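Just so it is clear, A, B and C label the chains in written order, and each chain counts residues from 1 on its own.
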């Protein structure tokens, strides 16, 4: 695109200059499209090859950060989890850890274990949803139904714990909102074991499927240096050969007492990027089982806060490994009940830079495979 | 975490901030201090250390020197990507602050460190983004990953990044004709 | 779903009966009877028992028990019955409707769902009727800049071509085919070659980007798979020496051709999937990339017509596969072989008062015919069957085999993702043509070695 500066006050709405070419067709893979999610990609194609891909997020931009400035630390929780409704625990995690640092409280041990368990469950829920949509983008309707169906097991678990299927609003600074139900450990263990058996079947129908391999191998290859240079995170980074997982590198809560193994693949193509979240899910099942064993059987699940908690004149930046990558929360506080500035640095937004980079020169038929393999959740990137 | 973790009940007093270097564990700040000293030794009066905490450090830079400091950091320290770019509006100081958080993927000893590179630009009452004095050099050539983050700061706060190839709106609708939203004088309706 | 019955009011009930009766009578007298008259005007009137059967005579004879069966038999052998009911449009549409329902149910069970459930008392059996009614009641939206005559004509042409394809398929022994051509297979190729034209016309006339891309893709796909389709069937033509579909089936009375031509069967199956635009070859309707491909702008009953045509094509292709490779209607006759005497004259029962005669002869009914109407009494081993028994068993075998092939066509939908365009063209132009040629060489080898074919061992 040409260099343009559009002054805000005098701008006529929507004016943009574009060259028209004989060969190049501009396609709006827009929000009202079964292959795009909640965002628009303006794709210029020359025959079957993509010449330019311009992502246009912002369809579901809600102004989370602006809203956070006018609410205090406790009432910020329900709206801050909305960017990813089913992975709400992982989105709230850095915020809650940051507020605990600012206010200066310590979380009891049992609460930490419960937080780890629910965070891993949420990660599996999100990855199942992502896999379902990946299947349907490639035209594989069974791969749409199976993850969506198996996900219900975990959503039932979350509903038992928190009372809501999605948008749990479960984490608060100081612990979790309420305790898990009485026989939770057995139910959870049984369901997680069955879940793991189910997702191992995905190898037969999806990952060993010759058509899938032919479609996604060697497409959208992101080399290791490019992955680091572009600042990608999460499964995109690990599929290109970089071993970086915040649960291992900078453990928070009780991850240092659990045995977390990072899955790394070297290929860097769409196939590797689609396989890593599945391996992560298998890993999460292990983590949940370990955490269920080590969890203290009794104990308080929350440290009570004084009403209107406020931090000092301070700033904090905490990061957490969510389903899409490193989620970070940068809070600047100025001795008031509301944060002065709250910035969410989310994995989807950081991975967005890879989209125009990878799509240039790709075939149009590869676009859904490459685009969704970047583990991009449009709502989260828009915040 | 290095802040007060000794007593479980919530504290009423905000933790002290004035004396960062002499905290409880000497080894960690020493490691952070080492790479921060690299920067302060190179650019002695243009940078100022805001704090050195465990795994988090912050360096304030004058806006004329931000590109050089970033290039120095990219070439000489293992920090290879920018994780996020935050824009903060300080209407009392009549300045807008921009904070870059830098991280490292390649070096294992630096994997926990996040270096915050902060700078400030003057702020105008009636902003005309692109044509007033709120300008900063873009760090895209050094850290490629800031491209979309800087576009977001441009549209949300009105900070124009020179030599950024594409200063357009990203998240806001095309026909936005109001103040940049994250400024403090842009009020949410009803609040 | 239960229906909560409203309170019964006699006045409303009587009014409803009166309304229904009024409308039925109006429609029958104003539209139904003239339609029947017109149809009968063009039908060649048969002669039964020396009397020319006009419409009024037919209605009169309907109530004469002795003349009912010849009347029905005449209707059964007329052309209209063949085109409209069996083995033509009605039969194909019934199998198509069954296919759609079975597809939805089978895929649902495969995908841990239930499928249609509420429409109809047992497991959603009436779902198709509901869908048909829904489609009829929808508004048909035509894009403003579309090419209107072509756009309106495209679905109708599509169904017409699919019906033409169905018309060439023989279903049962004894010449039960709508159009009995000596070059039947060649006519099939000609009709199949018509489909890409209709697709690209309907895509072009919609004047919008997504149908355009879908239409181009459909054109690429169908054209590139037509050549392997034709080549794979030529192997069987070489072995049998005839293009007539009925004779191809007759030649398989001892063994189906799939034993000798397995490669041809595989190639034909793959190209069949591509011509039908079934998954994994459903690029022209790739939902996640180009909304609905060349079907995007069709709405309401036009969409219904296209789907009907699509499933008619499915039945026709599966039937073609069965005819050429699996032996059509041949198979062991499981209808119990009755003694010919029992049919022709009847067997007298001994030791009974009054000398009654046991017979299953029902004069005129095509099942147990005294006069087989030029069919051949076939011998299977030592059993002798009449034409009626062969007809029943032939139809049942044909339907079973077709349903089996349709099942295998439906199955990849639950297992495979969609293939990409360049992979598709690569397969169509390189690999399948190569395999088809290998198949032809095998056929030639078999013929020249004297194993099969005219003057061969088998």
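Before moving on, here are some points about what is shown:
Simple rule for what comes next: contacts are C-beta pairs under 8 Å (C-beta built on N, C-alpha and C of every residue); 3 or more make two chains touch, one makes a residue touch a chain.
In this text, all values refer to a predicted model and were calculated from it rather than measured experimentally.
If touching chains are joined by edges, the resulting network of the protein chains shown is an open path.
Of all chains, the one whose Cα centroid sits at the greatest distance from that of chain A is C.
Chain A and chain C have centres, each the mean of its CA atoms, that are 50 Å apart. The mean-CA centres of chain A and chain B are about 23 angstrom from one another, to the nearest whole unit.
Between chain B and chain C, the centres computed from C-alpha atoms are 71 Å apart.
Shared interface positions of chain A, defined as residues touching 2 or more other chains, are absent.
Contact residues of chain C toward chain A in the complex are 107, 110-113, 209, 279-280, 282-283, 286-289, 291, 413-423. Those residues of chain B whose C-beta lies close enough to touch chain A in the complex are 1, 3-5, 7-12, 14-15, 17, 55-56, 58, 80-84, 86, 88-89, 99, 101, 105-106, 111-112, 114, 116, 126-131, 143-149, 158, 160, 165-182, 186, 188, 191.
By the touch rule above, chain A contacts chain B in their complex via residues 1, 3-9, 11, 13-14, 16, 57-58, 61, 63, 65-67, 70, 101, 103-106, 108, 174, 228-233, 237, 242, 244, 249-250, 303-306, 309-317, 319, 326, 328, 330, 332, 335, 340-341, 343, 345, 349-350, 352-353, 382-383.
For chain A in complex with chain C, the touching residues are 25, 27, 33-35, 48, 135-146, 149, 205, 209, 211-212, 214-215, 363-368.
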